[in-house]
Amino acid sequence: MDIPEVKRISAVKKDYLIKLAKQGKRADGREFDEYRKITIERNIIKKAEGSARVKIGNTMVLAGIKLDIGEPYPDSPEEGAMSTSVELPPLASPDFEPGPPKPDAIEIARVIDRGIRESKYIKLDKLVVEPGEKVWIVFIDIHVLDYDGNLFDAGSLAASAALQNAVIPNERFGLGDNEPLPVGSPPISCTFAKFGNAIVVDPGLEEEQVAEARFTVALDENGDIRAMQKGLKGRFTVEEIKNNINRAQIHAKNIRKLLEG
Amino acid sequence: MDIPEVKRISAVKKDYLIKLAKQGKRADGREFDEYRKITIERNIIKKAEGSARVKIGNTMVLAGIKLDIGEPYPDSPEEGAMSTSVELPPLASPDFEPGPPKPDAIEIARVIDRGIRESKYIKLDKLVVEPGEKVWIVFIDIHVLDYDGNLFDAGSLAASAALQNAVIPNERFGLGDNEPLPVGSPPISCTFAKFGNAIVVDPGLEEEQVAEARFTVALDENGDIRAMQKGLKGRFTVEEIKNNINRAQIHAKNIRKLLEG
Amino acid sequence: MDIPEVKRISAVKKDYLIKLAKQGKRADGREFDEYRKITIERNIIKKAEGSARVKIGNTMVLAGIKLDIGEPYPDSPEEGAMSTSVELPPLASPDFEPGPPKPDAIEIARVIDRGIRESKYIKLDKLVVEPGEKVWIVFIDIHVLDYDGNLFDAGSLAASAALQNAVIPNERFGLGDNEPLPVGSPPISCTFAKFGNAIVVDPGLEEEQVAEARFTVALDENGDIRAMQKGLKGRFTVEEIKNNINRAQIHAKNIRKLLEG
Amino acid sequence: MGELIKDGLRIDGRKPDELRPIKIEAGVLYRADGSAYVEWGGNKVLAAVYGPRELLPKHMQDPTKAVVNARYNMASFSVEDRKRPGPDRRSIEISKVTSEALESVIFTELFPRAVIDINIEILDAEAGTRCAGITAAAVALADAGIPMRDIPAACAAGKVDGQVVLDLRKEEDQEGEADLPIAIAPRTEEILLLQMDGHLTYKEFEEALELAIKGSKYVSKLQKEALRRKYKKVEEE
Amino acid sequence: MGELIKDGLRIDGRKPDELRPIKIEAGVLYRADGSAYVEWGGNKVLAAVYGPRELLPKHMQDPTKAVVNARYNMASFSVEDRKRPGPDRRSIEISKVTSEALESVIFTELFPRAVIDINIEILDAEAGTRCAGITAAAVALADAGIPMRDIPAACAAGKVDGQVVLDLRKEEDQEGEADLPIAIAPRTEEILLLQMDGHLTYKEFEEALELAIKGSKYVSKLQKEALRRKYKKVEEE
Amino acid sequence: MGELIKDGLRIDGRKPDELRPIKIEAGVLYRADGSAYVEWGGNKVLAAVYGPRELLPKHMQDPTKAVVNARYNMASFSVEDRKRPGPDRRSIEISKVTSEALESVIFTELFPRAVIDINIEILDAEAGTRCAGITAAAVALADAGIPMRDIPAACAAGKVDGQVVLDLRKEEDQEGEADLPIAIAPRTEEILLLQMDGHLTYKEFEEALELAIKGSKYVSKLQKEALRRKYKKVEEE
């Protein structure tokens, strides 16, 4: 929760960003519809079944994939399972505290999870070891390393990239040779922040701090919608929501090229 | 823990209630040996195997029964198991806080549990699925909805009523048709509060707040004692305890009629 | 964490103890290389598989051994397991608080555990019930009863003495007659505290409170090193560490006689 | 496919744009400052509001406005398999988006350093509990006299057997293709809450959003009727 | 039936109204402000008192009196199957009723804003630990010099093989028909703690209560002897 | 025996007194006040320093000096079998001895009431993570401009196949006979951290300690080079 001094600074910052936005500008010189530079590095963690480090501007996120064998859910005995979590360690920001995941981290993890799950990115039906008894459980752990805004998109992209090159560790479990994790086409997440009347894509930290409302949409390869999440205490009109999705469809194509390139 | 202002109000209230009691009166006009109006509604939660909502005056409590299959305790391989818990959600009182059960809630749950268990109300020996391997576990969850005093009796009554019409969910577990949960005769709980020299039955919220001592007894159909609990930092004489039990035997008969009627 | 007043007292106490130490003296009249009186009582807890109460001066520690059957670790299917924990209950000191183990308690437990484990005091390879399936798990619970300094040595000694006379509770598990827990030669732990330029063995409470650095070494019957731990924010020179070990080798012989005598 | 909609009707006989039966009652609890009870299909939901009151400990206070703290909780007996008491990750997320949706209409700046606690208890659950919960909470806030620019109303649309429908019931939620719960400020039709999972083309989304808004506005009517009944009853007493 | 009492004697040879051997020692710990050790049959119990001292954090303080905070804890090795460290529901309930029973005799109003911490550790358990714990705690309070109107004493009665007996041992507790632990203020015979589970007719209850009070009064004698021995020892030193 | 060292060389071809390849980079994070990245054999470790800043809540403050609070954490994917997030007993112990080792060189008395937070994240683990973590943390402290009397450096020695060797890799750690991680103040060669488990004769210990100090001093050289590269880069910008 904010303390008074932070509040005051934030009010000044907000006025400044809104004033800039009225002129169609952002504090770091970007267009409303411009992402910061995105870089993806893969396979950097040896101990993980898959991994990727994604930078969006100064935000840096590391996703690691681990597989384990467990029981299937009773209502899907012929499918593997997946679990997504987001860690916001105090390493990544002066505002992060140690301890169990806060609501922020849980929300990010669950939205990313829905994007992956609903786009059927991981082919869970191919992760059965013994039907009804033993299936692979895919753990997607997203570790934030440097927090400068937009963890929804950075986390989602890191998770997608890490899954893209992950393996099933058959060897470690005495089940033969390792094989690639069967995946389809990844979801692409695109996040907007609204302050004043401006709605910008890929909000940086300061923009997030002053944002009244947030909107994330995860799109599949056809530009169809697989997950959405409105956040914060602000409001969107129906038109704004529709615009966001239309804008996201363009961004998603570009990010998809980066990911699949 | 009380804060100063609350303390002061409470001291005034206490003086007032004690003064009234010296004249044989209670703040809401009841006799010392008068319960508030009791109502019982059953089968109101579809997802529960049994349920009942009990009101005692403005106090409202909802008990839900769920059954699951688990392993028997090693020392009773031929018996099902039961577990009683009480939730005091912040919905029910400005003084309740979220979080794991506090000592208050645990005490109420354990006293209610002992009444049910010791009167052998649930026929645990008839809840065996595979001897020594699989038995039914009966979960009695008591959810307080509106707290205006005397949760011991309201909770116990709600639990008894909910069990009375509960079913064994054989269908959900592929074990044939549902059947009624085998029960015997329910315990009836009766609670007294002592302040000054007065001892009143069915204490309301204000009476509980000023009470020095509390006494609960659970009686079976013969008026025999199955569980007792003295609470709070006050003292009872032996005569007072005996009187409480004698008074309870009369109340219990009336409440039993309501329950079985 | 210290509060100001405690700090101030502690600074005065520290000056005093350092001044004394310069004259080669300790506050309780001991030599630098003198333990307080050590007593060991065994087999005092009937419910435990083994137990011992150790006093070092006014410090009193009770270790209890319980055995249970569980699965072996995947990487040692032919070995039993052991687990060491230290409880610092509020009974033993005005500064101990209830709740899960604090870092202090965890450090003590882990150092004692390493001494026992690395000296192969418990013959874990003889604790197999069914290879790869069921093994004995030895729980070493060290309960501090009175805290007047040097829990590392008191706890280690109590654990060793309790293990020395422990039994495998075959009867309780329907596995035939009880038999002695197979043990080898115990580790002996020896702890030093450094304040000013003095390094004393077996620090008392006040010495611990002013100590800048702490050093513990666990020695086997040959005087070989099985575990070491430097603690606190002070520093040791290489010579000081070596001296500590040499001094410990003499103390350990004496303590070993007490334990095995 | 083809199992959930037959001859244009859904498994419970509803038309695609038809809500389940909804019953709303305001002012049902004695202790709470405001409260409401909602039955919505097989859902039974109770909401209670406490506050505005001083937020403690003090270092949590916001000197510029009230903190809005909604807590969504499922009773352990409200679901098929008993739920362990206490918040799980799903409840924590719903509590967060619910808090945000409700805060967006409350004049929080009137109550600096205060907290408004909103407690939502799901007593019986059958798909759509978050919308039922927000709907109940909004009535409880009004019943508590909390000043709001509008009374939020919530409703979900979704896709079943390839068709956009209103207000999914359990089987439709589990076997359907998409769920889109929203909450709106009925007067301006602004979106306060929007979540979605499943698969919708952009066109389907437009259709579903329109339907969900229509549903929310109908819910809004029921909320206001419930509040009117309550005021009337109070006046009569 | 008929297994636990033979020829009028219980399985350990005791008569129905006979206590197990009890040994009480006061002032056994160095650090605590007051302490006591009790062996009672197979039970071994240690109690320590700290305080009165300032209660922190301050917002927990009661400006009119001291808070009495008893904590009953079983060592993990004190029972047949190792107990996981930390409080379980049973320990929490016993801690609560113990705190209340002891507070009822302490002149708490003499120490506003303070806390009196009472720590009870069950080191070896064999039925009746709560009575042994209260008995030890009461001696520890006296040893700490806490002003009390009386020194509480505790004892249980019960029913075994249809007969009312004093002070159940393990087998009697597990296979018997009722257990009635009480604590009293010996001077006035007022009841400070009373719990019961099992099956007692009203007449049996009267009989059991009388027996438990008799037992408690004998325990009280042992407590006072232990305190006298302690004072004598201190004087001699 | 005889499996881990052949013809005087270790399984990865190293000589007994040879370190694994080590790469250190200072100032790698944007948000942190100071940071460092260390690759050490198969280990990948990131450290970030925040502070000195006011310690909250206030009652935790030390009016005479800064509190040094190091937190060692393993990412869940950094080990063979996924680690559940959150501190386990091993992490808690390492955090404690790391805090102590680092505090011993920091001029904490310059920052009363403050806290210096040091966060160490193990991203990829392959034996020796605590030494890699301390090494990274020390560089991060220097990068943050925290005044220190010396920059700590860490390294382990151990015993494998009966021979004292430097810097154990995974197989050597698991199947070897002893591990002796230390941290030193390189200028004075004072010991800031020392832990050991396994089996060493006194002579072997002397040899291992000497080797570990030699290793630490080499690590110290790499740390200083990394810091120089960072300063140079900053100057060039």
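Read from first to last, the chains carry the letters A, B, C, D, E and F; within each, the first residue is number 1.
The rule we apply is simple: a residue touches a chain if its C-beta (ideal position, glycine included) is under 8 Å from a C-beta of that chain, and two chains touch if they have at least 3 such contacts.
Keep in mind that what you see is a predicted model, and the values were worked out from it rather than measured.
**Q** By label order, what chains touch chain C and chain E together?
**A** Under the touch definition, chain C and chain E have no mutual neighbours whatsoever.
**Q** Could you tell me which chain lies farthest from chain F when each chain's centre is the average position of its Cα atoms?
**A** If we average the C-alpha coordinates per chain, B ends up farthest from chain F.
**Q** Using each chain's Cα centroid, which is most distant from the centroid of chain E?
**A** A
**Q** Compare the contact pairs of C-E with those of each option in B-D, A-D or C-F, and report the one where over half match by residue number.
**A** B-D
**Q** Report the inter-centroid distance (CA atoms only) between chain A and chain B in whole Å.
**A** About 48 Å, centre to centre.
**Q** Centre to centre, by mean C-alpha position, how many angstrom separate chain A and chain F?
**A** Those two chain centres are 32 Å apart.
**Q** Counting only Cα atoms for the centres, state how far chain B is from chain E in Å.
**A** Centre-to-centre distance between chain B and chain E: 26 Å.
**Q** Where in chain B do residues touch at least two different other chains?
**A** Within chain B, residues 101 contact more than one other chain.
**Q** Could you say which residues in chain F touch two or more other chains, in rising order?
**A** Correct list: 59.
**Q** With chains as vertices and touches as edges, which is it: line, ring, star, complete or other?
**A** Shape = ring; chains linked end to end, path closes on itself.
**Q** Name the ring's chains in order, please, starting from chain A and stepping to chain D first.
**A** Around the ring, beginning at chain A and stepping to chain D, we get A, D, B, E, C, F.
**Q** Under the touch definition given earlier, write down the residues of chain E that touch chain B in their complex.
**A** Listed in rising order, the residues of chain E that touch chain B are 59-64, 67-68, 89-90, 92-93, 95-97, 100-101, 103-104, 180, 185, 188-202, 205-206, 209, 213.
**Q** Quick check on the complex: what are the chain A residues that touch chain D?
**A** Residue list for chain A touching chain D: 1-4, 7, 101, 103, 106-107, 109-110, 114, 117-118, 215, 220, 222-238, 241-242, 245-246, 249.
**Q** List the residues on chain F that touch chain A in their complex, please.
**A** Result: residues 29-32, 42, 44, 46-48, 50, 53, 71, 73, 75-82, 85-87, 117, 119-121, 123-126 of chain F touch chain A.
**Q** Going by the contact rule at the top, pick out the chain C residues touching chain E in the complex.
**A** So the residues of chain C touching chain E come out as 44-48, 51, 58, 60, 62, 64-66, 68, 85, 87, 89-94, 98, 100-101, 139, 141, 143, 145-148, 172.
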